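Structure incoming, see below.
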Amino acid sequence: MEKIIKLTDLKNHLFDGMSIMVGGFMAVGTPEILIDEIVRLNIKDITIICNDAGFVDLGVGKLIVAGQVKKLIASHIGLNPVAGRLMGEGIMECELIPQGTLAEQIRAGGAGLGGLLTPTGLGTIVEEGKEIITVDGQDFILELPIRADLALLYGTTVDKYGNTNFTKTTRNFNPVMATATDKVIVLAREMVDRIDPDNVVTPHIFVDYIVKEEE
Amino acid sequence: MEKIIKLTDLKNHLFDGMSIMVGGFMAVGTPEILIDEIVRLNIKDITIICNDAGFVDLGVGKLIVAGQVKKLIASHIGLNPVAGRLMGEGIMECELIPQGTLAEQIRAGGAGLGGLLTPTGLGTIVEEGKEIITVDGQDFILELPIRADLALLYGTTVDKYGNTNFTKTTRNFNPVMATATDKVIVLAREMVDRIDPDNVVTPHIFVDYIVKEEE
Amino acid sequence: MDKNETKNYIAKRVAKELRDGDLVNLGIGLPTLVGNFLPKGIKINLQSENGLIGLGPAPDDKTYDKDITNAGGQPVTLLDGGMYFDSTLSFSIIRGGHVDITVLGCLQVDSTGSLASWIIPGKMVPGMGGAMDLVTGAKKVIIATTHTNRGNPKILKNCTLPLTAKNQVNMIITEMGVMEVRNDGLHLLEYNPEYTIDQIIEATDATLIINNPKKVEVED
Amino acid sequence: MDKNETKNYIAKRVAKELRDGDLVNLGIGLPTLVGNFLPKGIKINLQSENGLIGLGPAPDDKTYDKDITNAGGQPVTLLDGGMYFDSTLSFSIIRGGHVDITVLGCLQVDSTGSLASWIIPGKMVPGMGGAMDLVTGAKKVIIATTHTNRGNPKILKNCTLPLTAKNQVNMIITEMGVMEVRNDGLHLLEYNPEYTIDQIIEATDATLIINNPKKVEVED
């Protein structure tokens, strides 16, 4: 199956009201031109799942500033003042989740787990409305899996099969998000002939489509 | 801190009644000479956590045949007839766990999770005595973390810091076990100057000691 | 059909269930044969739960590598584009629904889609290995098995041995035919014309729902 | 002491808590300075929760790489022996107790070891990022902070802002001294002789248990 598509084909995989996981940490490892295309297409009422709110001009921040995000699920929004304002004004719903819990919830969504028990957030507002489960006398919060319609990732090296690696700190949430959505589209910085089978981070079976950064 | 020790130093990290996780899948990726040393030292009443029971003359099977294993936690024992016999005669306790659940329980032990919810084993004897938790109308088994005193791993390439990689299908349970024990000892097939920081599988912080296979 | 012909017949029919690009996990024994009979133009990705995708044929002297084995511990090879991973990712793939089809053998399978394949109490306790996760997680579970075991039915109303999984089997393929587990019971969709329908019913403990079954078609 | 001297004083005293080989996570701001004052002969491993161990100094023009950042999004470098990993492994390291020491700032911290650092409702809602996991998972949690905020105590009997974590802080280090959270309350272990004990008590809302505190010793 041919996985390589054009940037303009992205529209075939987008719809109003959809949920999208976006790789990256403060926009490091985020597929910027895919975000730009969604801004251009003006897809509405999106639920974004991302480590953070990016910046006003970088990462998922651009979607937030454009008013396209109905709900943001993230661990941190401090570097995008517009996100804070829209949240404060009740225009954008915002669910703040501890970073490690967010990673585990996405992992659970991709790994077929019904949830996980974490001590993180005990005794804080994070535990509100959640089931507390006691194991051997110790309390844990039951956190549930998160999945989405689409994942947009930024791969550094991608082979023709879709095997994908992420260099340095661009890796962050990209690999786990590849496992937890109905569809995965990778923006490839560079297409390569071969990735050493011992070093593949995201196996090709997770990758549905590839957009080349330089067409 | 100098992490390289001699094979004969292994005894300083062993004691009767201890629990040991051993990497490998049907003895592929198992640190054989570390097992041999434990046989030689005749450490007793060990709890072994391993994917399987190995063979009578390979992997953890050698410890089982030598009568040193009090309890085996594994997903499969079919290729070691002695294991089946000792289990049947009540001489060795044996806890059989679905392979994916075993991997997750060890992961939870290393990741500070209080447990995980899996659908695997529902409606089978695996769920006996365990808490069933219903999420959105779907049942899951609550599986608890597993930890051990010591992990014995087989690294293919190890650098002086202890960064460790496992080639091909020798990887299996080795990396996750590195996270879930009080002490980790890696048998190094080869010491290398450097592992590409993008390709390190087990970061050095998990590795306490290194034994070189060829001294 | 002799034993080998029977196995190949079953494997050939199973192979017709595979679609281009599918991620497939084949159990040890009969299911492994399925890989030999892929329909023309169909490329699948074989997973082995010990940690690889891109399972190739058994090695020869030149390609043998003791570090590459399948979940049965046998030496295998890796195809171009394949890769290795650890057990946690392997079972994220399996449990997470990323495996399109798993093909497994059985001791017993029943009309509710429950499967027994890992233990005969007091006799044989090999353990479940990865089977419970595979049967629970794969999108489609196919049991590939001889219809009977020494004349005794393996396809039962209800399994009597300890289960591998409850209500997870989608399809049963034997030398006698193709059966599908549906909400209302076990449907005989196709039959091998070497057998009469009565013979198939006779060899099956489960009640078969039979509604104009087609003849099994496999290439010789 | 001016602002910078105060920060460096605190960072120097925190640095004395680090042991050779420790895995350490330093929060943004003041805690980051701790790396500048490591005792002689001590080598630690700095983790950054966005996915690396072996955090080096800020890059110059030659070593700058836009793909290497810390958890604050700032460019950093990687030391020899360092490596990168994804967010799930990063937080397995953090939550799993593999981080020996985390040093963080605070809005408020209290005598029960509870910490507030991520939200001022209605005013500032940056989010908790990785702080909740760090404070819950690290073996030792040190709060490095100025003793007061514009004259208002930050070390309280009980935090009034929403918590980052309950009962997880082990030590509080300020320009006035070193406090340890124990079961019976907050102990003043060391004090900066530039302040009187009364001044310290005055600047602290929490009740301090004071039993022959030593003088803080840091190198100039």
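For reference, chains read A, B, C and D in written order, and residue numbers begin at 1 within each chain.
The criterion applied here is as follows: a contact is a pair of C-beta atoms (placed from the backbone, for glycine too) under 8 Å apart; a residue touches a chain by one contact, two chains touch by 3 or more.
Please read these numbers as outputs of a predicted model, since none were measured by experiment.
For the pairs A-C and A-D, the larger set of C-beta contacts lies at A-D. Seen from the C-alpha centroid of subunit D, the farthest chain centroid is that of C.
We define each chain's centre as the mean of its Cα atoms; on that basis subunit B and subunit D are separated by 35 Å. Averaging Cα coordinates per chain places subunit B and subunit C 29 Å apart. In subunit A, the positions touching at least two other chains are 104, 107, 111-113, 118-119, 167-168, 197-198.
Residues of subunit C in contact with two or more other chains: 52, 78, 84-85, 91, 94-95, 136-137. Here the touching chains pair up as A-B, A-C, A-D, B-C, B-D.
Put simply, subunit D touches subunit B in their complex at residues 20-21, 23, 45, 52-54, 78, 81-85, 89, 91-98, 136-137. Residues of subunit B touching subunit A in their complex: 104, 108, 111-119, 131, 133, 135, 138, 140, 142, 144, 165, 167-168, 196-199.
Only residues 1, 107, 110-113, 159-161, 163, 179-180, 195, 197-198, 200, 203-206 of subunit B touch subunit D when the two sit together in their complex. Those residues of subunit B lying in contact with subunit C across their complex are 25-28, 51-52, 74-79, 84, 87-88, 94, 96, 98-101, 103-104, 107, 118-126, 156, 166-176, 201.
On subunit C, the positions that touch subunit B within their shared complex are 48-52, 65-69, 71-73, 78, 84-88, 90-91, 94-95, 114, 122, 124-133, 136-137, 162-167.
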